[in-house]
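So that you can tell them apart, the chains are marked A, B, C and D in the order they are listed, and the count of residues begins at 1 in each.
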Amino acid sequence: MSVQPDNRFVDTAPWGEDENLSAPERAEFDAPSYILIWRKFRRHKLGLISGLFLLICYLILPIAGFISPYTPNERSADHLYHPPQEINLWHEGKFIGPYVYATTAVADLENYRWRYTEDPSTPMPLEFFCEGETYRLFGLIPSDTHLFCAPQGATVFLWGSDRLGRDVFSRILYGAQLSMTVGLIGITVSFVLGIFFGAVAGYFGGRTDWTINRAIEILRSLPELPLWLALSAAVPSNWGPVAVFFIISIILGILDWPGLARAVRAKFLSLREEEYVRAAEMMGAKPGRVIRRHLLPNFMSHLIASATLSIPAMILGETALSFLGLGLRAPAVSWGVMLNDAQNLASIEIYPWTAIPMLPIIVVVLAFNFLGDGLRASLDPYRS
Amino acid sequence: QPAVQESSFWAEEVNNGDLPPAAERIPDDPLIVDLEAKGRTLGVQGGTIRTLVSRTKDIRQMVVYGYARLVGYGEDYALRPDILRDVTVEDERKFTLHLRRGHRWSDGAPFTSADFEYWWKNVVGNAELTPSGPPEWMIVDGKLGTVSFPDAHTVVFEWESANPGFLPLLAQARPPFIYRPAHYLKQFHLDFTDPDALAPLILEARVKSWAALHNKVDNMYKFDNPDLPTLQPWLNATGGNTSRNVFVRNPYYHRMDTAGTHLPYVDVVVMTVVGSGLIAAKSNAGEVELQARGLDFRNVAILKKGESEGGNYRTLLWGNGTASQIAIYPNLNFADPVWREVMRDVRFRRALSLGIDRRMINRALYFGLANEGGMSALPQSPLHDPKDLHAWSDLNLDRANALLDDMGLTERNSAGLRLLPDGRPMEFVVETAGERQEEENALAIITDTWRDLGIRLVMRPLDRDILRNRVYAGLSMAAVWYGWDNGLPRPETDPQFAAPTQQEFFAWPKWGQYYQTMGDLGEEPDDPHAQRLLKLNWEWSHTDDTSKRANIWEEILDIHADQQYAIGVLNGAPQPVVVSRRLRNVPEEAIWAYDPGAHFGVHRPDEFYFEDPLQQAAAE
Amino acid sequence: MMFLRYAISRLATMLLTLWIVSILVFVIINLPPGDYLSNQIAELRATGQAEGVAKAEFLRREYALDRPIWEQYLIWVGFAPGPQGFSGLIQGNFGWSFEFDRPVGEIVGDALWLTVLINLAAVLFVYMVALPLGVLAAAKSETWVDYTSGFIGYLGLATPNFLLALMLFYYGQKYFDLPIGGLMAPEFEGQPMSWDKVKSILIHMIVPTFVIGTSGAAAMMQRLRANMLDELSKPYVETAIAKGMKPSKMLRKYPLRMAFNPFVADIGNLLPAMVSGSVLVSVVLGLQTIGPYLLTALKSQDQFLAAFVLMFVALLTLIGTMISDMLLVLLDPRIRMGGKKA
Amino acid sequence: MPILDVKSLSIGFGTAPAVVDGVSFSVDRGQTLALVGESGSGKTLSCRAGLRLLPAAARILGGTVQYQHDGQTIDVLTAPERQLRHLRGNRMSMIFQEPMRALSPLHRLGDQVSEVLHLHQDISAAEAKKRVLAQFERVGFVDPERAWRSYPFEMSGGMRQRAMIAMAMVSNPDLLIADEPTTALDVTTQAQVLGLIKDLQKETGMAVILVTHDLGVVANMADTVVVMNRGRVMEAGAARDVLGAPAHGYTKKLFAAAPVIPEVAGPVPPPPGDDIILDIRGVTKSFTMKAGGWRAPVTITACRDVDLRLPRGKTLAVVGESGSGKTTCARVALGATLPDPGGEVLFRPAPGADPICVHDMSARVRRRFQREAQMVFQDPYSSLSPRMRVQDALTEPMEIHGLGNRRARRDKAAEMIRMVGLSPDMLPRYPHAFSGGQRQRLSIARALTLDPKLLVCDEPTSALDVSVQDQILGLLEEIRDRAGLSYLFISHDLAVVSRIADEVAVMRAGVIVEQAPPETLFHNPQHPYTRALIAAQPEPDITRPIDLDLVAKGAGKPQSWPEMFRFEGDSAPALRELEPGHKVRCHA
């Protein structure tokens, strides 16, 4: 480095012509884009934790029967509205492993509530890998081994029992099997339809757009209410509640797409004027490709956010439907069904534990949200 | 007769001369209620009862609660004249109604036989107002009865053969109003008013014809026209579509107490329309003085809690008056022939009944406070027989299984379900109106025990109207509903509803239709017991001997208990009634029933009073 | 000019659609077997009440329910004369409600402004909460502002509306002396506007607005945030910063307008969705909006009332989509509604 | 005291080595500093650091940036945002390198430009408009009112750039950072803009940092020069010294690569025109302005009655005024824009094959055409999908046409990127993570992946420094000679045109005013506009500055031209062949 008299500066470091066109590591740039996305996603801690949490949840679903001490419709006639029970480990200063106290119910005809008295003299240790009611592992294999259950003469209601003496904890586990799966089908249907029609309308515009928009308008103009009422009469009576709900959630999806389609269309109407779309077209890209590779990625954030937002709507959608006699019904268990049962003052004020199903919904919804946000962030080209 | 005292409520109007003094307002021979004889106390006038309903059209409940009828039930469910001074009955064929002299409509116009005549000649007799002709009950054995009006205070109804249902009809919660305020309605009637004068009224009311206009203003039951004179204890003081309806005391009401206090005691009833889900919350918040509608047993805990936390009310538990709180009706006219045959087999119905754990249901739903058992007359009824209540109604799965095996339904599939004769598994679909959670809970419990019988219960909630249409059409296999509305039959109660004469009994919609349409539609009953019921019904209406009628009733009840047409689960379920601590004369224990009973009606809310009406007024 | 032409053609399309919708509405309403009056007659019979049957039959004839369905349709719209001559929708006669025994126009008239009021309040709430929070969450993404607002939003989303309403009512009454249900204290109903009445309405609207608004606000916030995050890294944002704009103003003027595109697209559904979405809420909360009327009417097959409400909602939807299409063109000048090649 | 003083500034991305490495420079009031150097050497980043407007991912690794304001020294890199806000746009303003992307597409130009005034001055709307219109006039808008109402997408590349310049200058800043402000401008307009900068500098003592590749511009404008290469300063000093006697090896190489218009001896016959690959016949294109709003629709005729014939294997260059319809012509030629009825474009895929009409093809023919005819867009940033990695963008054309397998496509992408002088390890990056010149090269690489027969290049090298430009031009020539590629080549740089073109068409206001082989044209320009263009070409010789004021007048308005060429409105005279292969629009 030298600074010459007239304030002139000349770099003196050795200067070579072309050295930096080095061959990069092959594997590095051959990596498919999902690996690159995954690398970015990995750095989004909250998203990663949420993803893992959801993964675990889904893995637990098929073995919910094993983990829950009771089966969902197992009633304990003597323990109606039992408050949550504590699991203790220490008895009179001694560690004796997890145990519960036996409780007995007294009908309080003064206040019309059940009161429970504990018998603290005898700790009743929990049993593990014990026999209980039969359930189906993975929905197929009948089994009656439970991870843990209450000893003879005691109960283990981790989160209390409901008005028929059913274990809330077990029901939440079983409820997850429906709530975390069936609703997603509706979302999928609605997204596929919404994106397809919205994309076609927005990209082609003109007559196609006109037709699709009229269809959307007409679909939209007919509120769902009368349809549900008609449906509730039309579904064959011997269908199980799950089958009915399955169909309903698909129909829910079929009815739900116009909102998304309008959003996609509007965005595409604007995006299709972008120069890079024109460039792709001029390279000979077919509409499907332009939509998939150029337009959709630029609307991904909205789509991901919408998808995460649909999840609570779908989980809770059934509570609204059961107002019309269409939601899930006993013996099927879902979080919506459980919340539906909790929809009275008594559940809020006197038996608050019957509203516990709100917790898993919130947790799952938040997990999906953070997962979605992590995904969005890792698709964002501007973030390194 | 004690001298009647002026009410403070109307005092100002009386002083201004807008209203005649009380003594001139009440009939010459008012109905004097002996409260002490009824075990009640004499009260004072004043105060406001606030109560809630869930639909706008429920303001008609004021006609039900008010329960001023030509003849009405007392608390013992015996009929006695009310608006009428007297009724004379000859052979249950000729009824002479004697009106009270000097009785006036709420607008002060005299109430006379002309009002009956208007109804008969100008309403029923007008083809435009009543296109379908005289009401069905006017026709007995195919012959139309006659109505005559010998003088201003006498009306005679006469049929060729006996019409024992006539007086009970007049005492219904929703009676046929066979009298109309002629002086008021004439201005809307084409026979009395010029079409040119009617035209602007029609236009204003936004209806299409004078008949529609007349129908619109003539709503004795709906009670939504404040201009329509009434005989009820409270009259509607708010027209139109508001959620807050104020009813004020009828200055011309026909009853008073032995101390000369003009009834009703309570000056004002405010009936507010709110969402059905909020009634419990509002009651809990102390926003009502008298409330039962919209509350059910599961609200009791929260009500009691509010009470113990200083709420200014008490929660009473009355018994429900339906014959069964929850009853399952296998549809004997179901469209599927295989199932129909199975359901028609009494062994099947008995087995179903034996397979219900009524104790558990009672415990889970009603703290064990209801009566477990099948559908029969309630203990308060003279016809009550514990044997009927308990027939086939104790949980006995072995016996139930034996019955089913005995029917030949011995095949089972891998899931343990019995197979129908044609090989289908027994999936017993029970449809509900989806309105009551207790039904759903009860069915959830029943599902478990029926599974042990090899029968899978599938519950299906529908809408009330849809359910009814499906049952009538034979499309639903079984339905859940209340038992007979009237759980308190007396020998003189028409047993029609217990025989296959009405499609509204969900076990035999088509037989009932057959009877109702005189053979045009539906199917003829081919079940011997059902035929026997029909016969008994006929016999009942062709005798006027009370003991014979009692015998007939007993046989009818025995048949029902034995045949289990409707499989009752329990009855007398507790109905919470929220009553202000200051409101008196509300019975501690009573039956909550619509018909007979008119909810509060038979307990005469016009006799309820506030301990300290002035204090209430000050507090507001 | 071009815009004007577009607006006119859009209006014509709307009328055409409205006509098709009217047919569908009528068909759907008449799909379930039976009709209000036959159901009512059945109900009256079921409870052994002879009174009223005659009146129901009178109405059947008066409103041509005994005629074939297509004829009923024409009469209802006003294309064909009914028993009393031409008087259908296009003549301004909305029909009769059997359930409420009053002309449809009268019933709906009262409910209408309350519906609009409560929904506007909810929309306002949604925008007032979601807009600033969504923008803020994007501008400060992955900070506590972002997380907290997201968490609270999802809390509102994941709680069923009914439960939320009950809780708010119960505790609101207990601790803040808030009223339970309704849209104004009943004694103000039918009274002329007064300061007290306005106050009562405002107090009564707190809980419903909150209940109806929460889920909408959370949804809008999260989506807005996502869209804003996309826009924030565009070069024109840098240009704006280089101009020395305040962040708040810059966010509002540039990226927000861009991010607003999908929301403008859905404006059409804003009011109708709230009308039909708030039906159950209104039923539970006892709000005298049009929603409960619709539910009752549908359940009891009170066909003229149901049809009118449905047509009203349809009209709102159509007007909404029309406005949204026009706004789209105004919002983003690049948008042409024409075909791909032009 | 320099107004902006950058000291050993280092900037890096992620964990990679710094892309700006110990850069120092400073500029005094009233002075102009020219930053020149290799494309991708960190010029833009260094400039942006002056306003602290770095991309979110960039990290400052060291160094300081100090700004003098009212006798107060502000440390730009650490100053509070609020303080910077008062300076940005007001006291220091920036012209971004790619004005197409830097303008908001949803707002009218007038709105965006006048906003600067409203933000920092208490000024009425009318006053602001007056000033902005005046500024528009000065940067060469013929119709400032139209520019005020237009949306950016309705403007040509050069017009957008001028709007950007107006935006930066309207508030009379103390420091102007101009990142290649004239790349999209023809030489006369460029002269006008540069003149404007000089004037302002004289009036207000504005300091200017000018990033440019055009050594001619440096020679005419700069007081000091900083030469950068690969993130480092190679040489810095007074313009006179550096230009006169480059000391560093890179500087020498750079200056040697600068193209000049060759001194030609005489006219050359036009290339034989029997095998025409692209035949543009009578193409007219008019646009209806969105900007009209509620007013009666305004139509703009972008190009009028254009006839161009491109022989196979040859290069036809189009030069001309900014906004004269060059881009429009190119887009019409490739079917991206539909011409007004009457015009047609014929493409002949092989010698003697039936010509296909570009605007009336079956889907199958179109696909073949789209494989054989490619375009390099004027604005490479906009033409690359922002969410597509460069890797995918480069392989996409091959994927579309089903060429090769995954691996082969990747290899080809790597080869192409190397060919345009970039490194394959940039492949996984997104387009925004490149410098302007790098993006331009990506765009060229993408167009070449399909081995097309016809390439339409819309200013393909405007953002490249002369040595890279030389490399790219060499590449294009090599492919042309090897594979018989034909070019329709749009450029402002007459030197480049003279190097590569076989025939040149000069456009002005939508019409071709003169057409001839370059030698003929530069030897014997006939049309006043052509003459003005040639005169305005700056030369990298500090001793021969051009008279900006004089040159900026250009040819003036058509009404003021000599009788022979004068025309008004639509009534242009016909194009006449003066000598073989030399056509001029003039009256007989």
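Convention: a contact is a pair of C-beta atoms (placed from the backbone, for glycine too) under 8 Å apart; a residue touches a chain by one contact, two chains touch by 3 or more.
In UniProt terms the chains read A, C = ABC transporter permease; D = ABC transporter ATP-binding protein.
Because the structure is a prediction, the values reported are computed rather than measured.
Counting C-beta pairs in contact across A-C and across C-D gives the higher total for A-C. Comparing each chain's Cα centroid with the centroid of every protein Cα atom identifies chain C as the most central.
We define each chain's centre as the mean of its Cα atoms; on that basis chain A and chain C are separated by 27 Å.
Separation between the centroids of chain A and chain D, computed from CA atoms only, is 51 Å. One simple way to say how far apart two chains are is to compare their mean CA positions; for chain A and chain B this gives 48 Å. Of all residues in chain D, those that touch two or more other chains are 56, 153, 432.
In chain B, the residues that reach two or more other chains under the touch definition are 277, 281, 284, 463, 466. Residue numbers of chain C whose C-beta contacts span two or more other chains: 32, 162, 166, 170, 233, 283, 299, 332, 334. Contact residues of chain C toward chain B in the complex are 32-34, 39, 42-43, 45-55, 57-59, 61-62, 82-84, 87, 93, 96, 99-103, 105-107, 110, 162, 166, 169-170, 173, 180-182, 186-187, 189-190, 282-288, 292, 296, 299-301. Within the complex formed with chain D, the chain C residues making contact are 1-4, 233-236, 238-247, 253-254, 257-258, 331-334, 341-342. Per the touch definition, chain D reaches chain C in the complex via residues 51, 53, 56, 81, 84-90, 93-94, 96, 98, 101-107, 115-116, 119-120, 151, 153, 167, 288, 290-297, 338, 381, 432. If you check the complex, the residues on chain A that touch chain B are 73, 75, 77, 80, 107, 109-113, 163-165, 229, 232-233, 237-238, 240, 322, 324-325, 329-331, 341, 343-346, 349-350.
In the complex of the two chains, the chain D residues touching chain A come out as 13-14, 55-57, 153, 229-230, 232-238, 241-242, 247-250, 334-336, 366-367, 370-371, 374-375, 377, 379, 382-389, 391-392, 396-397, 400-401, 410, 414, 418, 421, 423-425, 427-428, 430, 432, 450.
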